[in-house]
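One structure is given below, encoded as structure tokens.
Per-chain residue numbering starts at 1, and chain names A, B, C and D are given in the order in which the chains are listed.
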Amino acid sequence: MSDRQAGQAAGSSIPSPAGAGLDTAATAAGLAARYRAVRQLTETLAAPLSPEDQMLQSMPDASPVKWHRAHVTWFFETFLLLPHLPGYAVFDPQYHYLFNSYYEALGERQARPERGLLSRPPAAAVTRYRAHVDAAMDSLLAGADTAALARLRPVLELGLAHEQQHQELILTDLRHGLSRHAFAPAYLPPRPDLPATDIAPMEFIGFRGGIHPIGHDTDDGFAFDNESPRHNVLLQPFRIASRPVSNGEYLAFMRDGGYARADLWLSEGWATVQREGWQAPLYWSRAGDAAGRDIWQVFTLQGRRPLDPAEPVCHVSFHEAMAYAAWAGRRLPTEAEWEHAAGSPLVRGDGGFLDPAAAHPRRLSAAPGLRMLGGVWEWTRSAYEPYPGFRPLEGTAGEYNGKFMIGQQVLRGGSCATPADHIRITYRNFFPPAARWQFSGIRLADDI
Amino acid sequence: MSDRQAGQAAGSSIPSPAGAGLDTAATAAGLAARYRAVRQLTETLAAPLSPEDQMLQSMPDASPVKWHRAHVTWFFETFLLLPHLPGYAVFDPQYHYLFNSYYEALGERQARPERGLLSRPPAAAVTRYRAHVDAAMDSLLAGADTAALARLRPVLELGLAHEQQHQELILTDLRHGLSRHAFAPAYLPPRPDLPATDIAPMEFIGFRGGIHPIGHDTDDGFAFDNESPRHNVLLQPFRIASRPVSNGEYLAFMRDGGYARADLWLSEGWATVQREGWQAPLYWSRAGDAAGRDIWQVFTLQGRRPLDPAEPVCHVSFHEAMAYAAWAGRRLPTEAEWEHAAGSPLVRGDGGFLDPAAAHPRRLSAAPGLRMLGGVWEWTRSAYEPYPGFRPLEGTAGEYNGKFMIGQQVLRGGSCATPADHIRITYRNFFPPAARWQFSGIRLADDI
Amino acid sequence: MSDRQAGQAAGSSIPSPAGAGLDTAATAAGLAARYRAVRQLTETLAAPLSPEDQMLQSMPDASPVKWHRAHVTWFFETFLLLPHLPGYAVFDPQYHYLFNSYYEALGERQARPERGLLSRPPAAAVTRYRAHVDAAMDSLLAGADTAALARLRPVLELGLAHEQQHQELILTDLRHGLSRHAFAPAYLPPRPDLPATDIAPMEFIGFRGGIHPIGHDTDDGFAFDNESPRHNVLLQPFRIASRPVSNGEYLAFMRDGGYARADLWLSEGWATVQREGWQAPLYWSRAGDAAGRDIWQVFTLQGRRPLDPAEPVCHVSFHEAMAYAAWAGRRLPTEAEWEHAAGSPLVRGDGGFLDPAAAHPRRLSAAPGLRMLGGVWEWTRSAYEPYPGFRPLEGTAGEYNGKFMIGQQVLRGGSCATPADHIRITYRNFFPPAARWQFSGIRLADDI
Amino acid sequence: MSDRQAGQAAGSSIPSPAGAGLDTAATAAGLAARYRAVRQLTETLAAPLSPEDQMLQSMPDASPVKWHRAHVTWFFETFLLLPHLPGYAVFDPQYHYLFNSYYEALGERQARPERGLLSRPPAAAVTRYRAHVDAAMDSLLAGADTAALARLRPVLELGLAHEQQHQELILTDLRHGLSRHAFAPAYLPPRPDLPATDIAPMEFIGFRGGIHPIGHDTDDGFAFDNESPRHNVLLQPFRIASRPVSNGEYLAFMRDGGYARADLWLSEGWATVQREGWQAPLYWSRAGDAAGRDIWQVFTLQGRRPLDPAEPVCHVSFHEAMAYAAWAGRRLPTEAEWEHAAGSPLVRGDGGFLDPAAAHPRRLSAAPGLRMLGGVWEWTRSAYEPYPGFRPLEGTAGEYNGKFMIGQQVLRGGSCATPADHIRITYRNFFPPAARWQFSGIRLADDI
């Protein structure tokens, strides 16, 4: 997927600003349709879950599904309805406290580790809250003139992108919550067993160095503020792996003592391995077969099943990615390298984006060629820092990204939990180096 | 209430062993009726709660209501149905892992701090589990002959007493869980405002020293193993307060700097005050009135309301009880003193036991006289230790009490959350000295 | 040693109050001589240590030797010299902050876990501080008339007993500090190897029940406030072991899986075993011999050496003592039982008291008979609580004991680190149930 | 100081490799002289300290001075004497365990937080250890032929640079250790009071963007591996402040509520402010003056004294630097910007390097112009990452830098605790963003 294609994906159902000559009503209708589609997907994801499932909070970093559903709704209420819809009646004044995530400028809020203590409101009330806000959003869009639409549109797009981010978190947080249950109950029906398969060998594709642009051009449709400004970077020649590391390849690292060799790890990574007792990626568990050999199982949203060596390795931390790369005699790409490679016309998609019926990375392809985007997020060697000339959004929304620019590594490419129309090749995801509960995997690179 | 009366209370609806000449069927029917009554009360307590409310776990020491409901059921399944009902079909084999509390001899179990992560089974399944076990219990009792009844009865009585203990915990754990919600939602409808009232002054009633028996005679109906054997103790002459300390009296302690004066506290208590920032009993919150004076509010199961000075002070730790006593120039009673006084014919009830419609201590009485039992548990100066000659129950149930006999203080008398037919004057409750989430208050004593 | 003998020991070099007809100067001289003897022993204990050794603080509960030396000196300065010696010049006004231990009434003080950060004053300055205070104490005693002596004497005796307590802590804290060094350096020269020996079998000596006095009569010489008042207790008939449990016996418990059997432990003890990974008493380490058998070594103040099965087991917690007793089918004595037995004319000494050249328990005797006192402190089943009618000392010294009366178990009998003239059979030592760094062992008891 | 000048500084006393035609003996003598000079400075820094002062470890990140003195010596023993000096007798075989810092490949070592528990060996033994190694190093260098010198020289230079790093740590760790003492004792005699002074206003000096080289050319004398390879970067036009932020300027930030405004801070920084209760830089303490105004004092190695507004602000974390920059409407420079600016011929030195008699930053200059290097380390906005093409050293020394390349920010320029011949403009120092105990300050930058 090229940069332009990604841009199209992100804005596919909304006439672009260049379409200012078009009918305002059509623009509003397009936005409203997209709003409904995004909102519906959230409910589709929550549909298999009981009210009790929706309350699970298994660690401070994760949030209950019910909270996600309400929080994204609060975002529209706070940033669109209250300032822009005259006479809008707040659904419940307590919700502002309960469902604000981290906006300091908006006052006190429910402590993050205690979101799981919100038995009230019940899930059914959150469903009503969503309907209330959706109806008001319909009114807002239906009544907007051209000038209003121009004001609303950036915030609406931010709100939709925001809800899509939480759709991914709904799945990752839920997987973590269910995994802590002794019997690891499933969210989805089990996948039928698949016959063993071959995957394409990993190749390394070379790229010339030089000055190349990365980042998002703010005239080119919606993107998060952290993707801008578009700017030139100077790259050394490099090579990038044609596909992510597979489970099978990662098993070889494990069997070669990867988790026991300090020399492969960053110092902080090694300390984490020892403190946490890591011996495999998150959600893997060991079982013996009749012959006494290790058999690995993986807890997925479709239940526990045998490890599939043809899938990309997933739920590894940056530290594990670094150790694997050291073991393989390679390195991780920088985010600039990654983005430059992903913009190549050679690239074909891989791994797949969010499919609510699977919520799991597809097997790696048997066909050769450079495949990027989808399946698993890919850790880069780049710390999450502002681009040159970065400016946060004005106002409260300025807290969206900039204040997290420390202590995190950039991941690229989207995963099997990312909505397909949410991702761009300029998209910068970010997590701390020890985080493992996202769908995060490994792409290797190398110097030439 | 005298000792004998308490014994009657505990066994009131069940013919005593002395009634062995009676009809076996009548005994079984009596046991079954009592079983149904106890089991029903649990459901009555849970009835106002949504499935989500029943999942709340706000601290490791507290458990979700759903878990309580299932755990007490598991107790009957494990200790009565499986060993004694031929052909009994376990409701769900996973429940053994999920709902075992602390019986090491019975294998691994759900980690206590993670009981709140059990979204599965849902509350509705627990309701079915309860019905399944209740039906089997009916069969078990209906089919029991005299010999079988003799074997079953002690375990059944233990199981019922056990469920009653969890009825109290349902209320205390729920109160804690709801209190952590920013808006402190109520469990019960609010109590109408009451006009101010006077309470009887605190008097100190003297008792002669000497050799006196305390503890439970094992021939005298059911009691927990920790209440036996009945044995003589040597008491010095002492005086005991006619009633618990009131909220109003405790406020005077607070206004006199009680929480800021190290000299009033045990060393560990003072460290706790500073570490936890205690400035008042649990669930109290400060608000200012128009004149700028401190107004205290209390979060109750009926919602938040102004502090009532006529109620007994409640939700204080042993440390606070000790500090209050030091400030008042008195001391706490030992458990032997308490029990000896409670056995006096002078004693009249006070405070009330579990009323599912209030779940709160009654105001202290305006009438004078020695009033003990009910309202609030009363901290004693006695560490929870085995009585001379104590022997735990044989088998797994031996883990019931004995293994907790360290690091805890004895409380006596029952509270507004204790079922009336559960308490005895020999009853020994126990909690760590910093625990505050039980309905625990203060009774003073003094040397003569 | 009978109670009377212990009383004599405690006051052996000081004419008793009954000698009020004696010459005041002789009394003062006797007190001064005793003062010098106690003070000298502290310096004898510190003599083998470098200034750096004297700074070690290996855990918050332990204090550096230099701090002990200064703190006991500060006690005399604060409670005797400042109030009673006109014109006394404080050695250094900062020392009040640095060397106050826990007297809240005396103001802020150096945080306990940071005593090891006091590189200033150097050990040499503490030596000068001790000399300064000693000279002033000489003046104080030399100039005291009969009335003054009567006022000074109780405080002086408290100060000396206090310094003796810290003599024991100097050894226990130092042993802990040195043990954390990878090469476990010795404090004293190694003990020559001893040939194997037999010890007397453990017998159980019966005592009749009844009403018996325990505690210290305040007319009978110095004792700590927590030992009074002397009062009657009602004992059931009991038996007590003739000697402490030996290392050899404890090894049998270990080899029988003692640290892996939950049923032997109190719940809190079992949690501690698992959290701390206990597999043996403190200071034991495992080494294999040529035949692959476990060989245990023990780090002592004389260096590391093979475990001697004939010594009493030492450095066990209350939890380990309880588990051992459960394994042996016995129980621990209460402190009243212990004291009653120790007062028997049958008792002979055992184990030995502080010998600065060894600082280690002697082997158990090969001769039969009831042997108590010395060697190791013995955990009792009794929580540390006030005796009936207990009143703390007036004033600041009232913080000495009473405020610690929660969360601790009583130990009795003194150890190889206790000065011989410090102990009494009424003496109540106390530590939390998980503490292991004291010279603490196990005496069994049983019901009859 | 230009890049070339810095190169000269770093190697000033050692003939360069280009001098291979020179006499080998002269080269060896030059190296030996430099070795002696560096080693002597360590002892000069330790000279005012007692053995007890040298044991202080006030937090896990800091190490005792004695440990530093031994560890740098162990480095020479391990990496030079053992592999290269035939017949070298290890001073003490235990030291390998005690004084290895973090080299996993070299085996187990003393746990970092427990270095303060090493009372043995005493400081005097470390002094002998240093002499032993110094004598052997003399022999090694005296006996080296040209080929040997070529092999030894890179390791020797690494060892000397390593010891110089620890010279800075000796001062920073000591300052922290002494600061925890209630009376904050001084290391050096107090500095005489200075009259108030003016400093030059902060100007912003512009630099054109473009492609510029940064990093160290490995042919150009010694540098750490993390400074290489020299490579081109693409810079946007930028401006950099002419001097660091002063104490006076930082006070204005504080008085404007800088520590209370969430909007100025990174999210993690704000959480740190609240968790740690930061209200000022480390070592600042507040005192009131007669008029009730805040007067700030600073604990320095010369004792506590009033805050000097003309000094650069020091002992601030990256988070504080970021918050200050946000408040000032500026940003921090990237490390590439910093290095490019520092290479300008305009730059003049500032702040001064290590002077053992002061160990404190000089006041900022009253003269205008771009002043960089010395005084305080300057936080950059750049995470500590490998340069493109970075390769760690071969062998064990490869653990020197690379394994720390996560979770840290780069600091540039050296401080008042950095030896003058240790620093280079390519030098990359690194610490976690919350670290404050280094001499770290703030340089602002801006976009053009």
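Everything below uses one rule, namely that a contact is a pair of C-beta atoms (placed from the backbone, for glycine too) under 8 Å apart; a residue touches a chain by one contact, two chains touch by 3 or more.
These figures come from a predicted structure and were not determined experimentally.
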item	value
Set of chains whose contacts include both chain D and chain C	none
CA centroid of chain A to CA centroid of chain B, Å	48
Centre distance in Å when chain A and chain C are each reduced to the mean of their C-alpha atoms	61
Rounded Å distance between chain B and chain C, as computed from the means of their C-alpha atoms	39
All touching chain pairs, where touch follows the definition stated at the start	A-B, A-D, B-C, C-D
Chain A residues within the chain D interface of the complex	102, 104-105, 211, 231-234, 236, 262-263, 265-270, 318-319, 322, 381-383, 385-386, 388-389, 399, 403-407, 433, 447
Contact set on chain C toward chain D in their complex	50-56, 58, 94, 97-98, 110, 114, 116-120, 122-123, 177-178, 180-183, 185
